[in-house]
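Presented sequentially are two complexes of chain A, the first with chain B as partner and the second with chain C.
Coming up: the complex of A and B.
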């Protein structure tokens, strides 16, 4: 955020609310609403995760524990509503799930936040395994293989939302997303939020300005559990079913990748990350069996070439845009685009052909990619794929060289401007 | 002034493994004085600071802050009792702006503690106090720069600023002028003199001209033992000190 401008955040929030209210009218297909709902859930989850990773410097491998347990609790509460035991409107279920996330965050956080760094990461992994294992034992709570399911069209009606149509669910998720994001943003602006950054930067000094670094970490951890629980509840409402997968390592890894891809250095980074990651996984999984492979490669590329994530990449361009120097980068970026397209084309053909051949169910070697039919065991796809990869590799060297030069040039201009 | 000492160390020992680094140190820092601790490299000066500030717990002995036993107490608790320290190796919040660094040293002492319901941009008292501190440090110009981007001398000034901002009345500075040029040192001395007014100051210092300029009293640490305490002139005249330490540097 630009410091000093008090109205910009307010305007951003207002614009967001208007856009969120309009979205289901612009995209009202079932597919679009499904996508939007999952984006909302992912955003809350990723933001809650970044309270740890980006803001407090805590790398957790078990954040799905708070998400999943929040979700299970919300579904049990939903069933209590259906049975008439709990007079709570369904849209308010996230409060229940959030409190569960908070409670578990308090208990597990009390142990794990005594340490930071690698030890904290290991403890978080241990707890994740522990909870995943107990899902096999506590079958009543986790519902075994089938998980727990419920019916969200029950209980008292709030704001005329029957909760039947996807669109009702969308509004509930959007509202919770805005409230949660706003609260999480405001927490970054409080003494606790600032001291969390301080603990991230230098826990040694924090202890000499009156704060117990463990307490700072603990409070951030517990609050982060609360918001993860809200995300899990939204998941439960959206799908009306939850299985032990929701507390598992895979979901913990997903949220880590979301936050990292978006960038942990800016508050809105994980929002971007959740959008990119969720959209990519939904779109890719509709087209290819190998979608996780592509996501993995994408994640590695971000880690290697954009360690501050997409938001970090955007942020370094801000001064360039402001100084109207973008045109000096564009030719090199154009080449980068060609390179990326070449590498991608080669990679897709090679990966898809290998995948096709490795499927035990594949009756013939004939496959179809982007409307072109070919034999996966012939020489043609391999010659094309490997050829494109080789050409891409050559282009990559040139691209790195040119982008480096263009940036050196821009930096030169930027510092030159600053000096005058 | 209070008659009881600001800091008192009684037979303090500290071992790392089998090596005894502090071997029965005894020291009294009077209330309101500027007290320098000198001694050769590796004598245990920083370790002594780590013990007093709670960063390390002594193996045996007793440490008091204004007659209160603080032996083995957690650093943040000692800090809340009014003792603050700086580090020999600059220890800042590198990814925060200069002014935010100072504010971080103010939230707790100004009563905001672990609050997650008050918004920092609205804490006028913290802002005013932080700007005042920056003014005194002559860092106002650099207020919105990332701490990690400051020059070395500026970082050292901010280090002192973080230490004194919270209003602690016992200040420990570990080699505040190390690595500075002549003119930078002169400015740092003036800064320390101003900031330690009406407070108790203990500083580790290698530069003898700084010691003799600032200190009311000096203690000499050698092999983890305080071998002498006195006014700068008494220390200069002390035979044992001359032999053991000053002889090397002054002769």
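Coming up: the complex of A and C.
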């Protein structure tokens, strides 16, 4: 972003709104709209999560609690609308769900934000389990196995949206996404947002300046619960059904991985993460049973080698691009890509073969991978897979050295430029 | 009365199993500041390894081999991954073990499938040892108790009486000083991590066949173990011991209590049938047994945030 240009953020927002308005006209298939809706929900959820992890340094393993309870409240409110007990237009339901997220955030945050760091993470997990276990017990509120369902085509009509077609839902989600993202961005610019960053970096100094770190954490936690509740309500409106899964550990893990993969250091990182994660999980789960395994490996690689996430990796390349030095990195990157692909191909063959053999439904050992048929219990796939794996791993070590050298060269040029 | 003794017995067996895991977890935490999210996954690996060994050689070799294998894997994980990720700080460490837990679960599905495996109690121990008031006490449960208690006596002996134990104790509080005295602190960390995960593996070997060996077993137990070390106080072995037994007993005996809070308050003349969350209050204690450990944790956090015997805040 060019410093000093005050209109650039406004122009970005305007461009985003125009693009969002045009998207359903460009991709108007049902599948595309379903995907876009899920992306929108994921983005709000991931941004709300990053208020904790990225901005306040609070690692939560139970963020789905606020998402799910917001969603359940929204659906109960939707049913009240259908019964004529609540005169509220359906597009405004996220306010109700958000307030529920806020209320639960205030109650649970009061206990859990007394601590930070690892203890906070454990407490958040304990609360997540508490709510998940309660969902089996309080069947009236959580609806047991079937969950709670509703009909979004009811109540007063707002902006001519009947809420029947997917496209109407898309506009509601897109609008709430823009509003929530803007609000969350503005919060980062307030004194509270700044103090949250300070609490993340050095709580002791914050206390010396005269702020109470505990209060700052608590406020951020409660607000983050509000936005998670909005995301949950959008989920409820989109699917018209919500089950106890929505408060479960899997949803909490998903949002954590979205935010972290995207990068928690930048405001828009989680947006990127939500897009990557949602797209990956939809595409992978269409092709393979082992998709969770691949996502897990991807997540661990990010944790080990790119702790600032994808946006962090992109940001590192920004000065290189600006100095037009990218061509010095590309050959090394190309080599690394080829070897990584070899490694990946080997790993995929091994993983898919063993998965195929371990499934009780597999009647024959014959399987099909990328159009090639082979026997999973023969020696061929294993020899190929393990061979490619070993070769890729060996070569990757070498190519990573090359990438290191290329970077040293580029860094030398960059600092040289700065000196002159 | 006989029923209560039976439930108490089961609670203690379960509690000892919990302590086998929480002791390793709390040791690792207080030494390295790493909360090992994947600790229960090593428990699961122990159970699966023991199952695989038992299909070839029967139960007994697995009792030794499986925990050693799990401990070796744990040591390798510490050496080659945790140490790398340590540079990025505690959040990255926690996230790494979180990802590892997910990966181990998926790998177990990959190798052994989604359904439970038939890992059973060895026939040598599959009989009722004695009876108290019509309740029979299985020999295997007594064996579990014996293994855990032997383990603790051994562990206590090592930590309190041997030289390596003294170095470990010193490294807990003053790692730099221990390092300057010429001890290889990273290697001590690796050994403790290996030993802790090996202990979890042993818990898996003896627990896997008493309960069920399936891919969800790590997740089910993992959070309970966290609750145990929060309640007991982080870094305190005695605290972990008390909390393990307490939670073990709470969880198993609650199943036997057949009254609800609404009933209890009704005896003193309070009607809870129309107050908020009335659905929750009207449940019998036996139905809410799964959430009791978590409620207990919340109570401890409100009343005594550092845990029963915890000495430090973070």
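Here are some notes:
The working rule: the second predicted complex is superposed on the first by the 417 of 420 C-alpha atoms of A that agree within 3 Å, B and C clash if a C-alpha of one lies under 4 Å from a C-alpha of the other, contacts with A are read in each partner's own complex, and residues count from 1 in each chain.
In the analysis below, a contact is a pair of C-beta atoms (placed from the backbone, for glycine too) under 8 Å apart; a residue touches a chain by one contact, two chains touch by 3 or more.
What you see is a predicted model, and the numbers here were worked out from it, not measured in a lab.
In the superposition on chain A, contact of A:219 is made with chain B only, not with chain C. In the superposition on chain A, A:133 contacts chain C only, with no contact to chain B. When the two structures are aligned on the shared chain, A:123 is found in touch with chain C, with no touch to chain B. Legend: residue contacts after superposition of the two complexes on their common chain; A:207 is shown touching chain B, with no touch to chain C. Contacts of A:343 after superposition on the shared chain: neither chain B nor chain C is touched. By the touch criterion defined above, A:186 lies against chain B but remains apart from chain C after alignment on the C-alpha atoms of chain A. Of the two partner chains, chain C is the only one touched by A:354; chain B is not.
Once the two complexes are overlaid on the shared chain, A:195 sits against chain B while remaining clear of chain C.
Ranked by how many residues of chain A each touches, chain B and chain C are led by C.
The contact surfaces that chain B and chain C form on chain A in the two complexes do not overlap at any residue. Across the complex, chain A meets chain C through its residues 53, 57, 59, 61, 111-112, 114-119, 121-123, 125-127, 129-130, 133-134, 136-141, 249, 253, 256, 260, 290, 292-293, 296-297, 299-300, 303-304, 307, 351, 354-355, 358-360. Every residue of chain B that touches chain A in the complex is listed here, in rising order: 53-55, 74-76, 79-80, 84-85, 87, 91-96, 100, 103-105, 107-109, 112-121, 123, 144, 162-163, 166. By the touch criterion stated above, chain C contacts chain A in their complex at residues 29, 33, 35, 81, 84-85, 88, 90-92, 94-96, 98-100, 102-103, 106-107, 109-115, 219, 223, 226-227, 229-230, 234, 277, 279-280, 283, 287-288, 290-291, 294-295, 297-298, 301-302, 305, 313-314. Taken in their complex, chain A has these residues touching chain B: 3, 186-187, 189-195, 197-198, 200-202, 204-212, 215-216, 219, 223.
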